[in-house]
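I have placed the structure first, in the form of structure tokens, so that the comments after it can refer back to it.
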Amino acid sequence: MTTKLMGQGVQRVEDQRFLRGQGRYVDDVAVDPATLHAAVLRSPHAHARIVDIDVDAVLDLEGVHAVWTHEDLTGPMAEPLPLLIPHPALTHGRTQYALARDEVNYAGEAVAFVVADDRYLAEDALDRIRVTYDVLAPVVGIDAARAADRLVHDDVPGNVGARMEQGTGDAQAAIAKAPHRLELDLTVERSACTPLEGRGTVARWDPDSNRMQVWTSTQSSTGVRAVVAVKLGLDLGQVDVITPDVGGGFGVKINHPWPEELLVPLAARTLGRTVKFTEDRREHFVSSAHERGQVQHIEVGFDDDGRLLGLDVEFWHDHGAYTPYGLIVPIITSTQLLGPYKPEVYRVVFESLYTNTVMVTPYRGAGRPQGCFAMERTMDAIAAYLGKDRAEVRATNFIQPDEFPYDQGLIFQDGRELEYDSGDYPASLEKIKALVGWDDFPAFQKEMAAVGRKVGIGLACYVEGTGVGPYEGAHVHIETTGKVKVATGLTTQGQGHATVFAQLVADELGVRFEDVEVVTGDTRRMPYAVGTFASRAAVMSGSAIHLAARRAKEKVLKIAADALEAAEEDLQIVDGVVSVKGSPGTALDLGTVSVLSNPLRYAFDEASKAATQFSVGDPGKPPVPEDEEPGLEGRDFYSPERATFASGMHAVIVETDPDTAEITILKYAVVHDCGRLINPMIVEGQIHGGVAQGVAGALYERMAYDENGQLQNASFMDFLMPYVTEVPDGIDIDHLETPSPLNPLGIKGAGEAGVIPSAAVFAAAIEDAERIPITAMPISPSELFHLRQEHTP
Amino acid sequence: MSEELHDVRLRVNGASYDLRVPARRLLSDALRHDLGLTGTHVGCEHGVCGACTVLLDGAPVRACLMLAVSAQDQEVTTVEGLGNADGSLSNVQQGFAECHGLQCGFCTPGFLTTITAGLRDNPTPTHEECRDMIAGNLCRCTGYQNIVKAVERAAELGLETPEDGS
Amino acid sequence: MKPAPFAYHRPETLEAALAALAADPHAKVLAGGQSLVPLLSMRLAQPSALVDINALPGLDGIEVDETGVRIGALARHAAVLASPEVRRVQPLVSLALGHVAHATIRNRGTTVGSLVHADAAAEMPVVLSLLGGSVRVASVRGQRDIAAAELVLGPLESSLAPDEIAVSAFFPALPAGAGVAFEEVARRHGDYALCGVAALAHGARVAAGYVSVGDVPTVVDLSGVPAGERGAAALAQLDPQADIHATAAYRAQLVRVLTERVVESAVSSARGES
Amino acid sequence: MKIQGSNVIAAPVGEVWTALLDPQVLVATIPGCERLAATGEHAYDMTVTAGVAAIKGTYAGTCALADLVERESLTMRLSGAGAPGTVEASVAVTFAEVDGGTEVSYDADATVGGMVGGVGQRMLTSVSKRMAGEFFANVAAAIAAPAPAASAPVPTPSAPGAAQVFGAPVRASSPDDFLRGIAVGAGLVLLGVVAGSLVGRRR
């Protein structure tokens, strides 16, 4: 009997391609001189009316095939892009046009679209387009948006896109009655996903089959498919969307459609040529999406032990110029802010505000880092106020292991109750304290202080709702060769799905891992799917694949039992061979079963010939009896009642230079609980990446907008994505496994976790080293230097 | 007026290619779009990310910071040229496979070329030297932890089964 | 991000290169291209023509004698950094080169190219100024040497005429009994420094050169200034500016801190310590 | 981007005032200015090719002098657009009689967009200030020898309406000046600035 692969650190199958340079990313598709290349003219202004666009000089340029402005768009293409996730609280949702109509609302908004023989010529053409703008004063930053002296959209009073409130009771009353009270004002700046591969789309119109084929670097192929069909007036069945290898997503590629995802197919059909758009780095900074920007006010009432009696949170969310992704980010902040704690009364209200900046959609963590920052800074403040140990105050407020399922009494991002399914927070806390050396730190800190060195330690806890619905599906097909082809609709951008999903199938079906091939994000193979975000892929597609493999297995056993004249329960499948337990001689391989599953028995191959010695089916019934289908396939869908809640705790020790205010990481520790692990190697890789992205967001990366709405650091020279030299040399990781009762595998999502507590944990550690309140993140040496100035009498 | 084209002979992974390209054609684009060697990736086009790193006469350089016409008569090695003659993975590639040194794989070719040259020049690097070897390449997925392990593993493999180092 | 069109010349003699450059006032020289090519791709630089000097013979030399180091226009940073002779005769060159971008950039970028680019944020122009070196330039009109002090007119403006090509640079040797040191603070390893300081101590003379402080490479004479007062003395002669990574006040703090550290280390190495 | 500063020119307010309002002085002092076409009173279209070192771009720009308070103050509104990006600037200029001449103070607010806006703002302030200093030397010189270089107005069909077109004298690239530093110059300066920011990094 082969050992189960679930839980094994199996090496990734996809790496064999990637390591040989045989990955196929969207810009690697249609590498052919006949392919046309697109470029987009973008607004240089943050806020302006378009008076005139003169494209006359473009078309006489040799090698230029076409140019579009909004004037040239008709029907649905001329309408605003869809608002993907409406919400009753989003009373003033606004989305942009594929090409700006009469106004631009951020520097970088698409104004004109050019198609030429190559990208060089397309950019030559952009230089010849003359746009006359009537420049308007922009609204930049949350303060300006709240002041509302100027409006981003004339018809959105106060720049308020949405106002939403929820809670579990009268928090203000609870705070008023509490023995102790505190208030905090906290700020988190903008950052962005910045995957190393930007956005890109290739489209080919096939006039013979009347079909549109689209390759795009997306986190939701089915979403792109649906919108391309609607906007181009095609039937869904005429559009195929294929997601090739994706060079990182981290959230930004879940938004769709990008203007280019519609303009490229439009151009392909209009010109009858394959058309490609590959975004360049600057475009990614000014025309994709950002996140994180939030100002938060917290009022809390607590008792002598630091127990939360009342928590009242108000925050303002900068969602940029448009709201295609609705209120997902602020809703997640407002609910996930609670983390592993159980305040007696909680109330939260937020306003989502328009600014003349790049729009906001989820970035790995999606509002949780801000919420975690609010909650954990509050915990630290309470501990400081009471003179108690920071870990102890947290422990006092933990939901206990025997309290699950625990209903927080709120509505989560998926519209379901915020009910935690499982977890063990006290155990996690003990692990993280041991891992980082929490109890020994004060002594170390004294030692260092004695030699003039400043060190500090921080701790932060989080709970992450993962694996949100509505559903994912899977299709498992056993070929007559015995090879197993698996398809699921969500996409892959580095999570190793081809490996972990193959592990699940190999285990459930009893086939060799090497015989399983997984395809993701191809609407031709699985047209019903949602997408890869919210740490949902393993939970959703993993479960669906597990169930689909089980269906295929049921059919295998039924046919094999018939062929081997044995009872199904006496059969076993090992390494792709079905045999009768105890008598290994009586066996047939899955390929043969596959042949037997199809009454049409041409003896094309050895498997078919081998099959001729067996007879299956009831002569008294039609070859394909009712309720059965030819072929050896299993198809199933997984749709959970609600999200499953992973959790974790990070701790960091930092040193701050007394002279240069440089911040150095001495130790970083993570305790992580995502239920049962499919592939620990891959889960740890996700944590490593999340931690690095967290370090980046806490100490290096920000979107440096000036007061005119110009992004001043739209390059990798000034947007400080860390190199290896900026991340911890080693991350200590310990796992806890509290299985989820909500899915057949007991798993929880792990993709986003690593980044959630970073702002909070670094703020805590720097505050501990400096004895200066840290209320705004990210923080640079320059900013720390000035904080020191302000706090030196 | 159509643009002047220049004849250029590129030697890539041991093979010679004769191209006619405009002077402004970047080496990265010539490799990817003219030669179809799409393993070399373009991540920023201003020389910071390192995804497009290739070996020029054995030394790592940014393909996005070179003109194809300027690579005339020099030996270019891309990720496609790193594997062993028998088709098996090189020690550096093998190290990445064993240590989970890649996730989305987009930045990987630039790391592989850089490390291949780095280990050729220093086959027994210290941990610090392994980190330094990759200090000019950006990766957004891995947090670099496993890439450093991969470099160390590749060095180990190199001692067991030395290669020419391309 | 693709370059605008330009004419291209790849001469094989210096004479041909100078002629090509003289023929077109808007032509630009391409050596390592690590600065120029991104500018071309962003279309911030749109020269009418490029004169690619990479095929010119004899310009990649690194000549070292007891008077100093002469570095040819095609000598890559990496080659200069790897030369033990350079390190022996003028260690400051090697110390500073270690801070120039990343190794991959140094494999292609040229030391002379970075000098004539006249960028106040680059290490090598400061080192050249501090050491009192020079750059040799050629044109159809002949050759001349430009002293470091006259090389930089302003931000990114060197005193080279449009028809001149820098063929080499000379860094004087470190005199016996002298000491040098270099240190910089950058946000990320390999980035443009927020502040960099090079120091030279020789007998009574003590001087420091500043990277990323002010519009041009700036050298400050700190002779006779006691330790502990050097930072303030240097600041009195500098005007640190703000950018998106550092306020002027923070940059001033880095000047204070690094000046004390680096000058002290130059002085002690002059004393033969460390 | 905000830039403030002031300089003293050894000439009476009247002369300085007149010089700044004289298109022939403008066209002669804007470096790389190829053409200046009057589109109204104290309003001009201009085409400027300039940059730092060999890094050049051509900008189509406008320059308008408004809120004129004789010998006291004026507002200069400038805009420029070219391949590298765009510049919109408003400069408040005030004139005051002081010992030894006229103190001209400026308070500029410039918005820089496009590629340059994204990668080149770092050095702008210092570069522009430096240029402002040089400008005053030029203006002083221009006053000493009133714009001999500028050609006489010639009507040109290419000019909007019946505008007067002032051609710039043919000359080698002149030192940077006030207009360059603060106006369309803000963009031009950026060409150099960008070079700085990029080149500083990628030697």
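To keep things simple, chains are lettered A, B, C and D as they appear, and every chain counts its residues starting from 1.
Going forward, a residue touches a chain if its C-beta (ideal position, glycine included) is under 8 Å from a C-beta of that chain, and two chains touch if they have at least 3 such contacts.
Only a predicted model underlies this, so the values are computations on that prediction, with no experimental measurement involved.
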{"item": "Intersection of contact partners for chain B and chain D", "value": "A, C"}
{"item": "Interface with more contacting C-beta pairs, comparing A-B to A-D", "value": "A-B"}
{"item": "Chain centre separation in whole Å, for chain C relative to chain B (CA means)", "value": "28"}
{"item": "Centre distance in Å when chain A and chain D are each reduced to the mean of their C-alpha atoms", "value": "49"}
{"item": "Averaged-CA centre spacing for the pair chain D and chain C, given as whole angstrom", "value": "31"}
{"item": "Residue numbers of chain B (touch at least two other chains)", "value": "22, 24, 45-48, 65, 135-137"}
{"item": "Chain A, residues touching no fewer than two other chains", "value": "120, 127, 280-282, 712-713, 715, 717-718, 723, 725"}
{"item": "For chain D, residues that touch 2 or more chains besides their own", "value": "83, 115, 119, 121-122, 197-198, 201-202"}
{"item": "Of chain B, residues touching chain C in the complex", "value": "3-4, 6, 22-24, 26, 29, 45-47, 50, 53, 56, 59-62, 64-67, 69-70, 72, 114, 135-137"}
{"item": "Of chain A, residues touching chain C in the complex", "value": "119-120, 123-124, 127, 280-282, 659-662, 700, 704, 712-713, 717-718, 720, 722-723, 725-726, 780-782, 785-786, 789"}
{"item": "Of all residues in chain C, those that touch chain B in their complex", "value": "1-8, 10, 30, 33-34, 37-38, 40-42, 50, 52, 54-55, 78, 101-105, 107-108, 189-190"}
{"item": "Residue ranges of chain A touching chain B (in the complex, touch as defined)", "value": "11-12, 14-25, 27-28, 31, 62-63, 118, 120, 194-197, 245-248, 250, 280-281, 493-496, 681-682, 684-685, 688-693, 715-717, 721, 723-725, 727, 729-731, 754"}
{"item": "Chain A contact footprint on chain D (complex, rising order)", "value": "1, 81, 83, 85-86, 88, 111-115, 117-119, 121-122, 197-198, 201-202"}
